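This report concerns only the one structure given below.
As written, the chains take the letters A, B, C and D, and residue 1 is the first residue of each chain.
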Amino acid sequence: MTDVVTEAGSQWLSREDLEQARERLPILYVDALPVRVDESGTVTSFGLLLRVTGHGEISRALVTGRVLYAERVRTALLRHLEKDLGPLALPKLPAAPQPFTVAEYFPVPGVTPFHDPRQHAVSLAFVVPVEGDCHPQQDALELTWVTPEEAADPHLQAEMVGGQGTLLRQALAVCGF
Amino acid sequence: MTDVVTEAGSQWLSREDLEQARERLPILYVDALPVRVDESGTVTSFGLLLRVTGHGEISRALVTGRVLYAERVRTALLRHLEKDLGPLALPKLPAAPQPFTVAEYFPVPGVTPFHDPRQHAVSLAFVVPVEGDCHPQQDALELTWVTPEEAADPHLQAEMVGGQGTLLRQALAVCGF
Amino acid sequence: MTDVVTEAGSQWLSREDLEQARERLPILYVDALPVRVDESGTVTSFGLLLRVTGHGEISRALVTGRVLYAERVRTALLRHLEKDLGPLALPKLPAAPQPFTVAEYFPVPGVTPFHDPRQHAVSLAFVVPVEGDCHPQQDALELTWVTPEEAADPHLQAEMVGGQGTLLRQALAVCGF
Amino acid sequence: MTDVVTEAGSQWLSREDLEQARERLPILYVDALPVRVDESGTVTSFGLLLRVTGHGEISRALVTGRVLYAERVRTALLRHLEKDLGPLALPKLPAAPQPFTVAEYFPVPGVTPFHDPRQHAVSLAFVVPVEGDCHPQQDALELTWVTPEEAADPHLQAEMVGGQGTLLRQALAVCGF
């Protein structure tokens, strides 16, 4: 859950204020798992980012990021998908505002399957079909498309940090795998 | 819920066998509400068919029809969407197999909000964004796109037969309206 | 969405800090609609609170409140249900963490159906069967149980503030009405 | 998916008619996974039946069975839960009619993760908290409560027939595991 937030302006938070808020309030996030679907809507592959973690290790990850003040959840999803997949990905957000699950990232590990040492983040998780060309941006090194079988691999899931392997597993289940 | 089923072949049912089965078993259906969405996935309009009912009246309706033996639910959805909207509608079925609700059409009115004098039909209901051109086929006279506000009109909903007004209302709620 | 927050301690927010955060970050809430169900799980009545609004008017409302730092969403739901319904209500939270919808309360009306002049609140909404005795507490004057038909009344829904009438309508739809 | 159907009467099917229908129509089923929850609604254990399969092997299974003509889905769920868990299980069906997934059991293996050599069954799957005493009945030998960790064991899941291990895995995901 790396987000390099550098918003300016009176409505948003300075890095310092954000640090302070992170010790006081649950911070609202979105998690998105990009998928490719066939003409019947069945998922054919799942898109995973390769990121460099804070410890310099490489890890697979979902698209993730903060919801800003006065920002719609949909807008935040589109913003983070564009940030990580580029402007030509053509994500198709679901018509319903209901997330497939809510991932509660706790600063202390073990409370839930999800963990974020920086903060208490509560994340609305969505599966998002993308139809266009994906070109990873910013701190995402690469985007890999894996088959449902590969995505179900416990080793792959265990490598993901913060419990995102659990989120991937839950998304697979939601998609019928 | 008009479907003119004339399948041949040993696996499927003759009209006579279907009549008989309809008195003995719940029949599996799908209901689909076609929608237009904007680039953020928000529904901008709902697609309603105009049909001639068995009594010669004109009524608004959802896309609906039976799931056949050995047919995937997804395939049935695509087949009925193509039957009613034409081959160029480009429906985008959801990645998850979960319907937004299950409508139980009873032969006796009043058991549930849904009623089908011909049979006990249990229908998996889906909201389906369509991106292409829609040209009603067969027994659908016309397809009308209505705004969320128009779709929420109790008079419009009350006109729909078999309780499909309730299904439209439920679909609106699922889409955040 | 009235919450009388009087938490002390370093982890939580002073009233002043909360005011400041409310101008900078979306604040995470939960909304709960208490219901009575029969032995088949069908909802027989919906529980609505009578509250005095900031303007001294009386309004029907859902159980609602903030999720605190390091608090589980489930814990927040139980805390607010107990606050409003008393300690003997015996709420039965759903096994799944998925809310039935996400209500985005914007400080400016008209962006979504939901509005909260104090803040940008994003609320996870749940239908919660309660089995015990309910005794409204604190700033809730009374709890009324209404039938699904009464709850569907557009006049009743229009009276509710902040768009909670829409949330009630969506909950009805989710419960099959 | 063993159901010993012995209904009499004109509305229901003779065993012979059922055999015939099974070659012609998708048959509507329900699958239920009984769970124990704590006071916050979190699942603490999952209930699995031990059954003797058609081949004389012992296998873990979900509660499952057919929906009858003119029977509500809720009624079918209660009937099969009582059949397998006894009359004192006190199942708490969800307020929403939406299943967590739809399992399509095909007569030919490999079309979906679900397989039933006898028929094309389409099953609405539910997680059902039970609060009372469970005493397996009829052809269920035993009911075992397993922890979420035990239920997640790939070996346990692989042992289950007809793809019910996949259904168990999907139910775990829906419950946040």
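The definition used in the following text is that a contact is a pair of C-beta atoms (placed from the backbone, for glycine too) under 8 Å apart; a residue touches a chain by one contact, two chains touch by 3 or more.
Just so we're on the same page, UniProt names per chain: A, B, C, D = NUDIX hydrolase family protein.
Everything numeric in this text was worked out from a predicted model, so none of it was measured.
C-beta contact counts were set side by side for A-C and B-C; A-C has more. Work out the mean CA point of chain B and of chain C, and you get 33 Å between them. If you average the CA atoms of chain A and of chain C, the two centres end up 27 Å from each other. Each of residues 72, 96-98, 100-101, 112, 174, 176 in chain C touches at least two other chains.
Taken pairwise by the contact criterion, the protein chains are fully connected, each one touching every other. Contacts from chain B toward chain A in the complex involve residues 35, 37, 39-43, 72, 74-75, 78, 92-98, 100, 127, 129, 174-176.
Residues 11-13, 17, 21, 23-28, 67-73, 96-102, 104, 106-108, 111-112, 120, 122, 124 of chain D touch chain B in their complex. Here chain D touches chain A in the complex through residues 101, 112-113, 154, 166, 169-170, 172-174, 176-177, going by the rule given at the top.
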